[in-house]
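Each of the next two complexes has subunit A plus one other chain: subunit B in the first, subunit C in the second.
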Partner chain A sequence: MQLYYPSNSLLHYLHGFTKILVFGLLLTFIPLFMDQLVSLTVLLLVCLALFIYIRPSRWHWLLLVPVLILSFTMSLSYFLSDAGGTLYFQADLGYWKIIISSGNIAVSLKFMCRMLIWCLLFFLILFTTSNEDIVMGLKKFGLPEFVTLSVSLALRYWSLMIFDVKTVMDAQYVRGVDFRSGNLYARSVRFASTLVPVLFVFLKRFRTTSFALTLKGAGRKNKRTYYYNPRITGIDKRVILAGGLLFITWLGLRCFFTL
Partner chain B sequence: MIRFDNYSCTYSSGKPMLHQLNLNITPGEFVFVTGPSGGGKSTLCFSINGLIPHETEGSTYQGSVTVDGNRVQDVYPNDLVSVVGTVLQDPEWQLVRGTVKEELTFALENMGFPAEEIDRRLEEVVERVEIQSLLLRSTLDLSGGQKQRVAIAACLMTKPKVIVLDEPTAELDPLGKEMVLETIRQLHQEWGYTIVFVDHNLDVSMPYVDRVIVVAEGEIVADAPPNRLYDEPLVREWLPMPQVIELARKLGVKIEDEQHRDCDPLSVEELRKALHNRGIVRPEPPRQESDRMPEGGVAPAGETLLELRNITFRYRKQEDEMTIKPLNLKIGRGEFAAVIGRNGAGKSTLCKLITGLLKPHGGELLIHGKPSREYRADQRARHIGFVFQNPDYQFVRRTVYDEVAYGLSVQKLPASEIEERVMKVTKLLQIDKYLEEHPHFLSRGERRRVAIASILVMQPEVIILDEPTTGLDSVRCREMMDYIAELWRQGHTIIMLTHDMRVVADYIPRTIVLSQGQIVWDAPTREVFSKGKELERYHITLPPVVELSHIWGWTPTALTSDELVEALSAAALPEPAFGGGVE
Partner chain C sequence: MSQLTSMQSGLPKRGVTARHIVAMVISALIFGATIYISRFVPIKLGTVQVLYPAAIFAPLFGVWFGVWGSAGLVVGNILSMVVVGMNPAIYPLALLAQFIMGFVPGIAFRKVRFEGAKDRIVFIVTVTLGMILSTVLVALNLVLIQKIPGNVVWGTIWPWMQVSNTLAAAIFSPLLFAWMSDYMNKSGLFFKRFLG
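Here is the complex of A and B:
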């Protein structure tokens, strides 16, 4: 299972460095300086338009479902504090106090918008950039070799690790441990029991990988070369410039208006 | 090229792994290292590539290992990459990059080679190992055989003088094994690499190697050319004979080597020629006896336990083709059936459907005539047990006792009953002496037995075993199969997924051949193996006895060495000149 898929959108052609800088840093900071729900909604729509533009598959679209569920669930925590505004509902549950007011709803929606924007930006990078390009992008930021190697290993192995966890769960299921029924606590306890085999399996796997890395010369003292080393093109420079200008303009406008 | 001088090695646990080893391997030799699991084969490999002592914490050594003039103990393994290339056992986790091309270039990038030189070597290696079509593919999308081939190609990129392969075919299906062995043969025959190849599969490897070294209990117990290996007195204690040599010795057949000395034949063709020279051209087939094992079996099929009616299944990502096409199957009480077929044929999917890990797209699975969806997970576990190929996935408890008892505690049985059942099962599988041990720290064969015990203790009516003999040495493979056969004799119904055709021929009376999600044949093993060449289409490699039977046109075929020898003895063979098989 890979998140990246090849296509011919402009984003697919950009250098990993450009995408990490523009979508992973500049555009990620802008929502933090947005106070108005309208502004956040506009940015969310822009991100969604970009997401549609890269033509994700049905499977990639489905990844938005857990994102929506998670952001909605997390946004509910704002109803446990008082953000002011018109009070619509209030319930005192002892330690917890649930307050539904116009202020709470606005804060909660803003939080949801920010979460969705960040996830979409993250997906824009991951869906349009191969593992190799992400690593080269990070390398351009001057990160040390061991960090970029760790990132590339994480990208290489995450799907295998998920597969191993699933196999461990299957092995318990056939012994009568049902992860699909029972209350949340019972399921959590059953799931926790899988951690032991998962840990042992991973330790053995990582040992193999560690040996393999050593036997392929990783960690040598000589200077490393990069066989695949894409250049920053003119398009990259223009996109970086546009992203930078947008970021600065937004900060400038924010000094005069509440956006 | 490789030299061990009084080399001893001990791990941090204090367990000595190699003891006072003296060994000399000359340039261009193809050395096959074999022996029982835990005997020190991998330690020998890791002492050549430098992982011992540099990457194995707490390991201590005496003496020295020299490879191409480099004292391994003085050079860190990542500085030895241009001298020793290594292929490890696990095809998945030794490939560290996303695409084949990245994997191939990785070592040279680490060594600081310029891009032009990397390009030159890439072109050369890709052509040599014939992986042009794989170059831009993700390493995740390759088959096991292709992955190991890529791992070998990655080794060649650094132009090593020695290639060490530590059980590279252990986790592969027959097609993958053949693919990897073919590549290794080319490395040796066409390009003259020095090869150290660790493996258990004597039947396949012996005809191609120059020299066999048997390592057991940290010592070299035999070091001989393959066709004279079993002349060494100690070998038979550690290593069951490959079927061709076993047959030759039982029949008293020898061939002459280049120096006109008597030696063992190594391939079916050599054996056939040797028998031909003795006047056995086309002998009479064995007598058919209705009660002959294994068809007759001790426990004949009884009432239907499992029934699959027009079961279909498709994985989400395979939208255009069914993984399991409409499939009908009945498993009766007391049956012992093998499910065979190449990787991707649908064997594992079929078993996951039976165990409830997957839900069928269409059709119906009946357990005792009742639809399977009416059973909860714990109820289903009482009817069907599934032992995974890798027992490490299964163990969740700290002691063997708790591990075996785990399934029963999920069913909330009384402690006295749990204890009684655990003791009975662990005694049967001879793991009762490890009850207080941690299951993860047992040997591979023992871990498998604990995994089987933890399923068996729940007294399921059907036990499904996913490749229980993979990665076991010949002795332990036989031990494991003897345990499984004993369970069957005691009345358990067993379904076994396997790629080991010798195991199928020797032990299993019913064989189901799967291909592309469909049952191609479902018949007694003898009948299936009598199909001969037709089986090749499904990448099924027949055991030497069956192959020889086909050459002689025997229908039905002989399945075991004893049957073949018995048939030939009936044709009044001269007295055998040598001792028999392993037993």
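Here is the complex of A and C:
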């Protein structure tokens, strides 16, 4: 799972802490309390501009496709309730009523905008921050050592886990198990036969990890030495200040206008 | 004095060791991978997945690894969100729900295998209780944060979660527990105490 790619945008130079604070928390809370479709659209365009600014590759752009599908399918549930407005279509399915009205379309679009904003903000963090920097950022928030270490290990082992499953499947394939033919049930049963060997491969790998962590003194309370420990720079401080000011300005504006 | 020593023989004295971290990572990876696979089923009710097979595994990690397995469920859910670009900051109650899925059966059932019908009943009841509590939290997350209308959440999504999560877990979790628990015990990873 390596969504990060190196580049020379400003976001790539920021500390993980700054990006999690500004994009993952401060800017994430703004759309939560936005009720106007126009405001949400403007914020979405700003996020999209930032997304273009970090120059994602074609593969990274393609990741927006599942996000669009997910947010669209999620927004469909709003058509099960009546949000008022002009009624365009109504179908009575007994327990459920599907209502398409101007009110329902509006709330559904707002939801889609919010989801897309949140996803874009999150992609801004993931595409510009390496796993090590995300962990260092979390550490700056004061999270306990064992939490950051667990997140770090989970991120590292995610891709190794896929590799392990493939290895076991290849071994089973050589032994004559066919994963590519038969109906869905037959394939599922054959796939289930990989479950126990995969589990044992994991356990073996994690036993080694456990020894390695013990040897490195995991859980000890004494001062640790970090080989990689990036500092908060002047740019980070300015971005945090700008993010904070933007958040406070928005809170202030919200008192006088319906945003 | 000896009583005090025995009281302190749990986590505070021993601290967090590699074993606890590994237990968290194992549950995070397996739980996260199961959610990740099902995230691509493009049918959603609000932000809830129509099919959630991960709910079957959640109680098992709570029972096997105690509080560490339950914490791993939260990390696993965050991991699966990260890969599809979903921001975990807007799902605080849903993340807590993942913890509850493991926490309730984990704290109530601390055995490595079923020793009789009573154990099976206790296991199923605690799994069901944990699932009902966690689905309430997920529903609250939908109402309070995703702003989905209450009648849709409580009338459609929450009842569906009882079929998708609670019923599936109540049926399949005991079967998986009976089948896989011995393997887990032999690997030496089973935690006798809830706090490790």
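Throughout what follows, the second predicted complex is superposed on the first by the 206 of 259 C-alpha atoms of A that agree within 3 Å, B and C clash if a C-alpha of one lies under 4 Å from a C-alpha of the other, contacts with A are read in each partner's own complex, and residues count from 1 in each chain.
FYI, a residue touches a chain if its C-beta (ideal position, glycine included) is under 8 Å from a C-beta of that chain, and two chains touch if they have at least 3 such contacts.
In this text, all values refer to a predicted model and were calculated from it rather than measured experimentally.
*Asks:* What is the contact status of A:A242 with respect to subunit B (first) and subunit C (second): first, second, both, or neither?
*Replies:* The answer is neither, since A:A242 touches no partner chain.
*Asks:* Is A:S77 touching the first partner subunit B, the second partner subunit C, both, or neither of them?
*Replies:* So A:S77 only meets subunit C here.
*Asks:* Output check: A:V174 vs subunit B and subunit C. Expected answer is one of first, second, both, neither. What do you get?
*Replies:* first
*Asks:* Contact-wise, after the overlay, does A:L87 reach subunit B, subunit C, both or neither (first, second, both, neither)?
*Replies:* neither
*Asks:* Once the shared chain is lined up, is A:P66 touching subunit B (first), subunit C (second), both, or neither of them?
*Replies:* second
*Asks:* Could you tell me if A:A49 is touching subunit B, subunit C, both of them or neither one (first, second, both, neither)?
*Replies:* After superposing on A, A:A49 lies clear of both subunit B and subunit C.
*Asks:* Regarding the shared-chain residue A:L155, is it in contact with subunit B (first), subunit C (second), both, or neither?
*Replies:* both
*Asks:* Who does A:V196 touch here: subunit B (first), subunit C (second), both, or neither?
*Replies:* A:V196 sits against subunit B and subunit C alike.
*Asks:* Identify the partner contact of A:I232: answer first if only subunit B is touched, second if only subunit C is, both if each is, neither if none is.
*Replies:* neither
*Asks:* Shared contact residues on subunit A for subunit B and subunit C?
*Replies:* In subunit A, positions 1, 153, 155, 157, 196, 200, 206, 209-214, 218-220 sit in both the subunit B and subunit C interfaces.
*Asks:* Taking the touch rule as given, give the residues of subunit B at its contact with subunit A in the complex, in rising order.
*Replies:* 49, 51, 54-55, 77-79, 81, 85-86, 88-90, 92-99, 102, 105-115, 118, 138-140, 154, 158, 317, 352, 355-357, 376-378, 380-382, 384-386, 388, 390, 392-397, 406-407, 410-411, 440, 454-455, 458
*Asks:* Under the definition above, what is the set of subunit C residues touching subunit A in their complex?
*Replies:* Its residues touching subunit A are 15-22, 24-26, 28-30, 32-33, 39-40, 42-47, 71-72, 75-76, 78-79, 82-87, 89-90, 145-149, 151-152, 156-157, 180, 183, 187, 189.
*Asks:* List the residues on subunit A that touch subunit C in their complex, please.
*Replies:* So the residues of subunit A touching subunit C come out as 1, 3, 24-25, 28, 32, 63-64, 66-67, 69-70, 73-74, 76-78, 80-81, 83, 96, 107, 111, 118-119, 121-123, 126, 144-146, 149-151, 153-155, 157-158, 161, 196, 199-200, 202-203, 206-207, 209-214, 218-221.
*Asks:* Applying the document's contact rule, which stretches of subunit A touch subunit B when the two form their complex?
*Replies:* For this pair, the touching residues of subunit A are 1-2, 59, 130-132, 152-153, 155-157, 159-160, 164, 167-168, 170-178, 180-181, 193-194, 196-197, 200-201, 204-206, 208-220, 222-229.
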